[in-house]
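Working notes, structure below.
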Amino acid sequence: MNFWNDPINFIANWLTGLLTGWGLAAGLATVLVYLVGITVLIVFAMLLDIGLVWVERKVVARFQDRLGPNRVGPFGLIQPFADIIKLVIKEDITPANADKVIYNIAPVLAATSVIALWAILPLSSRIFGVDLNVALLYLVATGALGTLAIIMGGWASNNKYALLGAFRMVANMVSYEIPMVVTLLIPTILADSMSVIGITEAQRGLWFAVLSPLGAVIFLISAIAELGRSPFDLTEAESELTAGFNVEYSGMKFGWFYASELLHAFTFGGFAAVLFFGGYGGFFGLEKALPWLTNPFIEAAVFIAKAMLGYWVIMWLKYSMPRVRIDHMLAFNWKFLVPLSLVLLAVTATLHKILIVLPGWQYALGMFFSNVVIVAATIEVLRDYGRKQRKAAEELAPQAQL
Amino acid sequence: MSIPLSWYLILSAGLFGVGLYGVLARKNAIAILLSVELMLNAVNINLVAFWRYLDPAQMAGQAFAIIVFAVAAAEVAVGLALIISVYRRRKTVVADDIDLMKW
Amino acid sequence: MHNEWLYIGLFLIIGIIVPIVPLLLARFISPHKPNQIKQSTYECGIETVGESWVQFKAQYYIFALVFLVFDVETVFLFPWALSLNQLPLFVVLEGILFIGILVAGLVYVWRKGMLEWV
Amino acid sequence: MTAEQIIFLLTGALILVSALLVVTVRNLLHAALWLVVALFGVAVLYAILQASFLAVVQVVVYIGAIAILFIFAVMLTRREMRDTGPQTRPNWWIAALLGALVLTGLIVIMLAVPGADRTPAALPEGLDTVWALGNALVSPEAYVLPFEVASVLLLAALVGAVYVAGVGKKS
């Protein structure tokens, strides 16, 4: 075993050997090694988060035809550190009637719910926290903690706008959780595994985005809603809700809500890559010809690049779409996404079971075309519905002119 | 794994007792439902502990626990809907005041 | 298997400590001069009217309710999806029956007009 | 005392203390949040028991859905929340007595369970509990009927609850 092929295990073994050499019990040494590994991973995530602040500000500036931060350091690279110093030395104002304990717990919980995702994020086949066999449900569980953080923050602020924002946000998040969970079932069926490593390894030859493009799209939409980003950013409806559930937060407490939102977006970009775009691998069998592609560092670079791309798509949508009204948003979910995702799940499960006996390319073609057929049928149904709506509107129109 | 089975049983008995106290003593109907959740969880701890300690190859305990999840969800959904319905009509969630069916 | 959860537990503990550290740091180095105006509830500069814990639409509750039932059912589909490959074809039908029951609930709620935002 | 026992005792203490707070705290929203803590503790117990599927489902279903529903209900019936009167019935001591009685009775019964002091054997080699659970839930000789009945039960609950709480557009 050498460092370049298996860095984590190499360092872990070396550290364990060192610690047991000092006379520590094996169990205690393992715990200490875990703690070191976890701290390094979380610190890496936090540094990445700081970088994301810069990326976000630069990208939004480019979308809006501005320059973005460019004064502090080269290309404004030091800007996020200045932001953090500002947030830390800012006065932290707690509203007089706030429920103080819950008010203070909420931002920590929001950050923890996102950081916890990094425990299962596979940066490479050898660099990851832990390979849970229920990883996809763990992903949903951390989302549940995030929901709780939002409602705690909104309630504890003792502000009607904050509470209303929290209510809307939670209604939004829990609603879109259903299509998200249903689309999580699709990689589970295709890979026959719930662990992120298992799902990535199953995509060595072909991405699941090819087998289930519709699933990937639904996952992306519901993930954006889960993140609470535009076009589903009811938390930040400045014009109607001041700023949503975090309006009373200031200083570093606000900073944690902001930072966790960015890290969450990046992490979901990563999970989209894992679930549908091959994660750290997915070179379509190219790695047989070029074995250096399976080097853990190359894999990690590929993974980060894919996650960044997913994050960029999320930003792209955020900065080019207007906000959706809450009734439209909930109707879009319950009357469109949920039925569609359930149909997709049923079709995928059936076809997968029937077609799996066929050779690989026929199987892939069948799965792909089933998605195309579903999309075509959906569009036809929507067109029919729209025609009926227009007709009804036209029949009403003459009277309206009177 | 060095925890005796009895520890789990005692813990779940304690949880059940606390839940029972809550069901009987709280006035607020929502608080009563919260206590019912505690009791259901006490049952679930026992089911899972027996699964692990007696026969882990048989999934009976876990399957039962899953059914208890479904029952708990159904109970909360209907129970809270009833409470909200009563609240909208009579502006109260105190269980003692909801006595229309009592004579 | 067991160590995985130990790892997750330790991860959660560190994941709680890391956000707390800057908050504590901020507590020590940031100024703290509260006054009544500063601590009042922010409502775009207008004086707060009424109490803050206002009554909400029961519609939010309906959505949470529908979500609860769907959440429980979709979570139950995970074991089904996992064991799909090793089991005979009729297992798929069981799952589709399960999904069908779920859709029936959705259709009922839809037809009752509960998904409208009135 | 092993590390595992210490973790168990800490979790158990957390569960019991937060359960006590659930049934005694005056503010209902705080009671709901303490319930979340207690349920999270139960999830930790499932993880110790190596029932990983149940551990995450506990968080997803109880904390992610049931607790949220409770919090919504508390906020919808908020007027009672800051009720100044006592939150317990006048005869709460009977309830406490009954609770204590049941507790002692249960402990006596449960300690009489054959093999109550046993420690578990290691899980059979190569047993994937999640896969085995899925297998058990869908195979006809195991629990496929309860599985489908559970979905019917949830459908009935959905229909009933929506009907009772009905606030939708009047048709």
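We call the chains A, B, C and D, going by the order they appear; numbering starts again at 1 in every chain.
In the analysis below, contacts are C-beta pairs under 8 Å (C-beta built on N, C-alpha and C of every residue); 3 or more make two chains touch, one makes a residue touch a chain.
All values reported here derive from a predicted model rather than from experimental measurement.
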item	value
Central chain (distance from its CA mean to the mean of all protein CA atoms)	C
Of B-D and A-C, whichever chain pair has more C-beta contact pairs	B-D
Centre distance in Å when chain B and chain D are each reduced to the mean of their C-alpha atoms	6
Rounded Å distance, chain A centre to chain B centre (Cα mean)	33
Centre-to-centre distance between chain C and chain A (centres being mean Cα positions), rounded to whole Å	14
Cα-centroid distance, chain A relative to chain D, in whole angstrom	28
Residues of chain D engaged with two or more neighbouring chains	48, 50, 52-53, 55, 57, 60-61, 64-66, 68-69, 72-73, 75-76, 79, 123, 130, 133, 135, 137, 147, 150-151, 154, 157-158, 161-162, 165
Multi-chain contact sites of chain A, meaning residues that touch two or more partners	132, 134, 137-138, 140, 163, 167, 170, 174, 177, 194
Multi-chain contact residues (two or more partners), chain C	2, 4, 8, 53, 56, 58, 60-61, 64-69, 71-72, 75-76, 78, 81-82, 95, 102, 115-116
Pairwise chain contacts under the document criterion	A-C, A-D, B-C, B-D, C-D
Contact set on chain A toward chain C in their complex	30-31, 34-35, 38-39, 42, 46, 84, 87-97, 104, 107-108, 111-112, 115-116, 118-119, 129-132, 134, 136-138, 140, 158-161, 163-164, 167, 170-171, 174-175, 177-178, 181-182, 185, 188-189, 192-194, 242, 247-248, 251-253, 255-256, 326-327, 330-331, 334-335, 338-339, 342, 345-346, 349-350, 352-354, 356
List of chain C residues in touch with chain D within their complex	1-2, 4-5, 8-9, 53, 55-62, 64-69, 71-73, 75-76, 78-83, 86-87, 91, 94-95, 97-98, 101-102, 104-105, 108-109, 112-116, 118
For the chain C and chain A complex, residues of the former touching the latter	3-4, 6-8, 10-12, 14-16, 18-20, 22-23, 25-27, 29-34, 36, 38-44, 52-54, 56, 60, 63-64, 66-67, 70-71, 74-75, 77-78, 81-82, 84-85, 89, 92, 95-96, 99, 102-103, 106, 110, 115-117
Of all residues in chain D, those that touch chain C in their complex	7, 44, 47-48, 50, 52-53, 55, 57, 60-61, 64-66, 68-69, 72-73, 75-76, 78-79, 81-82, 123, 130-131, 133-135, 137-139, 144, 147-148, 150-152, 154-155, 157-159, 161-163, 165-171
Contact footprint of chain C on chain B as seen in their complex	1, 66, 69-70, 73-74, 76-77, 80-81, 84, 88
